[in-house]
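In what follows, chain A forms one complex with chain B and a second complex with chain C.
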Partner chain A sequence: MRVILESKVRKKPSLPIEAEAIIPRNFLKGTDLVVFEGNKERTLSELFWIFVEGTAVSPENIEVVLKGDTSRIKRVGEYMDTGTILIEGDIGMHCGNFMSGGTIEIRGSADAWLGREMRGGTIVCRGNAGHYCATGYRGEKKGMQGGTVEVFGNAGDFCAEYLAGGTVHIHGHTGDFPGVEMRGGELLIEGDATRPCGNMKNGSCVILGTVHDLLPTFEKSGTHLLPERNLEMDVYTGDVANRGKGTMMVASRALRR
Partner chain B sequence: MIEQDVVCPFCGCLCDDLEIETDGARIVRVKNGCSLAEATFMNDTRLPAPIRRTEAGWEEISYDEAISETAEILREADRPLLYGWSSTHGETQSIGVHIAELIGAVIDNTSTVCHGPSILAIQEVGHPGCTLGQVKNRADVIIYWGCNPVEAHPRHMSRYTTFATGFFVPEAQRERTVIVVDTRRTDTTNIADEFVQIEHGGDYAVLSALRAIVRGKAHVIPASVAGVAKEQLVRIAEICKNAKFGAIFFGLGLTMSRGKYKNVRNAIELTDELSRHTKFVISPLRGHGNVYGSNEVFTWMTGYPFAVDFARGIAFYNPGETTAVDILRRGECDAALIVASDPGANFPRAAAAHLAKIPTVVIDPHVNATTALSRIHIPCTAAGIDAAGTAYRMDGIPIRLKKVIDRGYPDDAEILRKIYDRLDGGMGP
Partner chain C sequence: MTELWVKNACVIDPIRGINGEIMDIAIRDGRIVESVSDRADVIDAHRCLTLPGGIDSHTHVSGTKVNFGRYMSPEDMRAGRTKRRGKMHVTSGYYVPTTFGNSYRYSAMGYTTLLEGAMAPLEARHTHEEFTATPHQDMLANTLFDGNWAVMDAVREHDVRKAAAVVAWTLNAARGYAIKLTNPGGTEAWGWGDDLTSIHEQVPHFAVTPAEIITTLIQANELLRLPHSVHLHCNNLGKPGNYQTTLDTFELVPDLNPARQSLYATHVQFHAYGGGTWRNICSKAEEITRSINSKPQIVMDMGQIMFCRTMTMTADGPMEFNLHCLHHNKWSNHDVELETGSGIIPVTYSKKSAVNCIMWAIGLELALLTKSPWQCLLETDNPNGAPFVKYPEIIGLLMSKRYRDEECATLHAETEKRTSLWALERELDWHEIAVMTRAGQAKALGIASQGKGHLGIGAEADIAIYPIRTDMVDPAREYRKVVEGFQKTRYTIKRGRVVSRDGEIIVDGANATFWVNAKVPEDIRMENDKEFIRRFEQFYTVRMSNYPVQDLYLPRGRCIETEAML
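After this line comes the complex of A and B, so read on.
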């Protein structure tokens, strides 16, 4: 079954919409769902043109497609456990919060907190991701714990903060402090990164681009060859400001202090 | 008449030993206060009556009209923002929170542009702090990091640190070592025994390096970190480890520079590390007189200290998403009520510009930069001058602000209570 939600033109297009109801499982029982626009409760049909194609008996066969201006819609895919969401344009904050299964594909860019505290499943973002991509809620000691987030563009600051499990793959650059407070999982940054892995406790981070402002508290422990890319990597252990058992690998040619 | 033990409401020190001489509704002399206190009490020029913007310019309106129109603006809004609160008393702040809950608004205070990052850091790793009295009586090593108390908190040093005689530090100036960390020379660095000059945005790296040195990992640290020689870092780590009692105070140079709350977190973790060797504490130097109080009041009532979003009827908190600057910058809110603060003067341009696009109401004793962006400005009492109420000092001590004179203005709490009454029974998410 495919549910197509096309956003209607709104009087106040900057108002945020909170739409945690938009997960494939919820459409098994119909499209009579509730979302919030600012401080007002709205039905899905007040904000979207809804088209349903085919039927489904289980949620894994449901694909939800979001079209139109969806850049202010928050919390799409929150607690999603199965099925597929395809977003044709940009998406608002908190897409895929606490997601445990299924797939979200974003053809445009994603706003902040993409895949926050994700437990499983896959998020693919073809554009850029905002700040706090694949992290946790404020003060939460474990961020993303499982699943995969892949961003083909750049990611903002604090990408993969408190990463505890799963894989985060950024094809472009990241902002300040990617992998800060990391305690597990894998972070791969193909582009450049600034001050990566501050206060990292565990986990592994690989940076193929240039590292700006490498922190002084990483201890070089050797080199390693990445055969699939034919790149020699400097291997660091840290962060020695704390117990420091994490591994950070930086392409040798690109290191800048 | 001379009033003793008056509290100065201007900065987070809330000095409670001022002597104020009044002549009817006029203050004629301020004793014991610093120059900021003097200006606060003596140059208190108020807006005489509520004003409303019209096509032809400003017109005076009655309080009743101003209150009705404000209630109407808030009632109509889909995403109202209530911002400010730091220069007034707790009683007003609490009514603000009630209004926010009633109408499904976002309520935020000035921490959002000052020590919000400190709060985020404290929520991650806790706050090893103490009262200023403890610092005064015990601390023999004082660190000022990214702040300039000589200019911003002029009596902090004389009442609590460098120049204050303490029970266990009777000869303060000789016995206390003062370390100042900053990116440039200031009046405070001139007083320091040790001045650490770091490159812009280098705080995090320097703090990490100090933590590593205190942990016995000095061999990892390169010869220079953010412009600071390793020898100086090692020397400072030694001074700190050998202190009887150390106190770190930090300002916006740490909270608002690159890395923000991660800088503060790193400083707290350094404090933690040092406390394995001796006793160390850390505290933010809070700016506005009662900004700490706004955090307290918000927290009792909502569970969160600032940036609380009631759009869904329950409190939601996520700085970066529910903070005033971000909401304004994204053009989300469609009405704003600004109480006891001046975002027009200190918000980023794009955020301030949005205030001018939407109906904005200001409740403040003084005309300020936000007035120029607003539709209505309602003047009121100034807490600590012509209104009594509760404020919190920067170390979390509640202090009762006194009413020294009566200038005939209504209390801002009274104005807000009337707005609440007009809204009640109406809306809500």
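After this line comes the complex of A and C, so read on.
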């Protein structure tokens, strides 16, 4: 079954919509869902043109497609455990919060907190991701714990902060402090990064681009060849300021300043 | 004139010696009276358990430290959210909720009076502002003197009168209620990067020992005729083997006051550890309670921990640093010039941890092994041991051996070997619980004479009516009903007004703040003491004239005046 939600033109298009109700499982029983626009409760049909194609008996066969201006829609896919969400444009903050299964594909860019505290499932973002991509929320000591987040563009600051499990793959650059407080999982950054992995306890981080301001609390422990890319990597252990057992690999050329 | 008539109440009022009588309570203009007119509003209590309003004699709900706990735990603000509803403000937070969150949840549990466990005098304004925003409970502030330079100078000079005069001036300036000592001397030592490990070790630069600070202030407290005794958080909190320090401290305490204890020892669970390391830590609750049982001059509270995630916050800065080194989690450290300090870290008490299980058992052992419930009061050092919303579970555990056994079966295997909890058959009764949650507190804090903690004629009409029929519930078997019953009153009445009904707050609060003005003779008043003024102006970053809290901060302040014997 495919549920297509095409956003209607709104009087105040900048008002955020809190749409944690938009997960595939909820559409098993119909499209009678409520969301909040600002502080006003709205039915889905007040904000979207809704088209339903086919039927489904179980939620894993449900695909939800979001079209139109969806850049201010928050919390889409929160607690999602199965099924598919396809977002044709940009998506608002907190997409895929606490997600434990299923797939979210974003053709445009995602705002901050993409896949925060995710437990499982897959998120693919074709554009850029905002700050705090694949992290824990403020104060939360365990961020993403499982699943996969792949961003084809760049990610903002604090990407994969408190990463505890799962895989985060950024094809572009990241901002400041990617992988800080990491305690597990894998972070791969193909582009550049600034001050990565501060206070890292465990897990591994691979950076293929240039590292700016490498922290002094990482100990170089050797080199390693990434055969599939034919790249020599410097291997660091850290963050020693936090009894860290994490591994950070940085392409050797990157440190020839 | 407002009148209320509570009829068919099953009253337990330990201070007046009433234990489960069915009676009616007449209330006029906030106080309990002989009778009311037939125009009075009527509440039929349907023979439900009716107690004086609950009193927490040691909790952390207001002030800079608590608020910093809020800053530090944004993740906690995701829990416990409630919307604005009727008279209720929005609330959020579980272990460090917003002020209104604290106030509503306490009120739903029937609590009407709270003593904030630690207020730094220099930061008193903030505490009083938060008191005003905790509107459904009358508030009192323990005022910190553990590292007060002027007090330590007086202690060194063996001048009890001077120490008393400094306390009187500071309590008045801070609008405080009682003397609080948190790791006396140790927190000051921490200001120099150090801690004290014995009550006979000297505080750096001051040449006084914790033992001298404690004994001097116990005497000063009585000279000032303060309603409460010295309120002590002993040295060496949370260290394996610390029970010896606690016993040594108890030995220092003379019996000076026939009306109440001479020392209130708080969260004693954290001070009752045997062993020498975290690996061989064990319970010394038997030794501690043997001492308490022979010393009517001491009252303690449990400091029970419960298995949950929470925040520890205390003026005991060095202890928090040690915990931080153990957990490697976020940590805040704070120095209050010339007075005290504080530290804050989050903790999770887990049944997987043998240490945590032993701590849990020790708290219960203390309560079950103390013969008189008046000497061991129920609290968790909220939120240090657990948020106060866990009190009903603790009541259930104390009243039911079966409940304890069921919990014990889920604990780390070491717990049975290193505590005596498994062997304790005692089950507390309703009367003992009433003592441990209100009457004992009223007596220990010295507020029974202010009309708190009892339902006698003239008392403040603070009343909690719980949906519990004591004649129909067997707490030993039906402990779930006990826990549920204490979680939500049917009615909480504060100064004669129903403030909470079935857990819903239905009016705006109008609490009072009690503070003490101990009058000392003109010749030893600190505002006339040239040396005190000189040192104040030299060392503090505030002017002495700007230091006292203005009345504006206590819109409903209630001053208790005492005539010092100096």
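Heads up, the rule we're going with is that the second predicted complex is superposed on the first by the 255 of 257 C-alpha atoms of A that agree within 3 Å, B and C clash if a C-alpha of one lies under 4 Å from a C-alpha of the other, contacts with A are read in each partner's own complex, and residues count from 1 in each chain.
Here, a contact is a pair of C-beta atoms (placed from the backbone, for glycine too) under 8 Å apart; a residue touches a chain by one contact, two chains touch by 3 or more.
What you are looking at is a predicted structure, and each value in this text was computed from that prediction instead of being measured.
**Q** Mind checking chain B and chain C on superposed chain A, clash or fit?
**A** They clash.
**Q** Which of the two partners, first being chain B and second being chain C, lies in contact with A:138: first, second, both, or neither?
**A** After superposition on chain A, A:138 lies in contact with both partners, chain B and chain C.
**Q** Is chain A touched at more residues by chain B or by chain C?
**A** Larger number of chain A residues touched: B.
**Q** One more residue to check, A:86. First (chain B), second (chain C), both or neither?
**A** Touch status of A:86: no partner.
**Q** In the superposed arrangement, which partner chain does A:242 touch: chain B (first), chain C (second), both, or neither?
**A** Both partners.
**Q** Tell me which partner A:21 touches in the superposition: chain B (first), chain C (second), both or neither.
**A** A:21: touches no partner chain.
**Q** Identify the partner contact of A:65: answer first if only chain B is touched, second if only chain C is, both if each is, neither if none is.
**A** A:65 contacts neither chain B nor chain C.
**Q** Could you look at A:52 and tell me whether it touches chain B, chain C, both or neither (first, second, both, neither)?
**A** neither
**Q** Of the listed segments of chain B (42-50, 60-68, 78-86 or 132-140), which one clashes with chain C in the superposed model?
**A** Of the stretches 42-50, 60-68, 78-86 or 132-140 of chain B, only 132-140 runs into chain C after superposition.
**Q** I'd like to check the shared interface: which positions of chain A are touched by both chain B and chain C across the two complexes?
**A** Of chain A, residues 137-139, 242 contact chain B in one complex and chain C in the other.
**Q** In the complex of these two chains, what residues of chain C are touching chain A?
**A** 72-76, 78, 328-330
**Q** In the complex formed with chain C, which residues of chain A make contact?
**A** Checking each residue of chain A against chain C gives 136-141, 242-243.
**Q** Looking at the complex, which residues from chain B come into contact with chain A?
**A** Against chain A, chain B makes touches at 77-80, 103-105, 120, 123-124, 204-205, 207-209, 211-212, 215, 217, 220-222, 225, 258-259, 262, 265-266, 269, 310-312, 317-321, 330-332, 334, 429.
**Q** Mind listing the chain A positions that touch chain B in their complex?
**A** Residues in contact with chain B: 12, 14-16, 18, 36-41, 93, 112-113, 131-132, 137-139, 176-177, 180, 195, 198-199, 213, 215-219, 239-242, 257.
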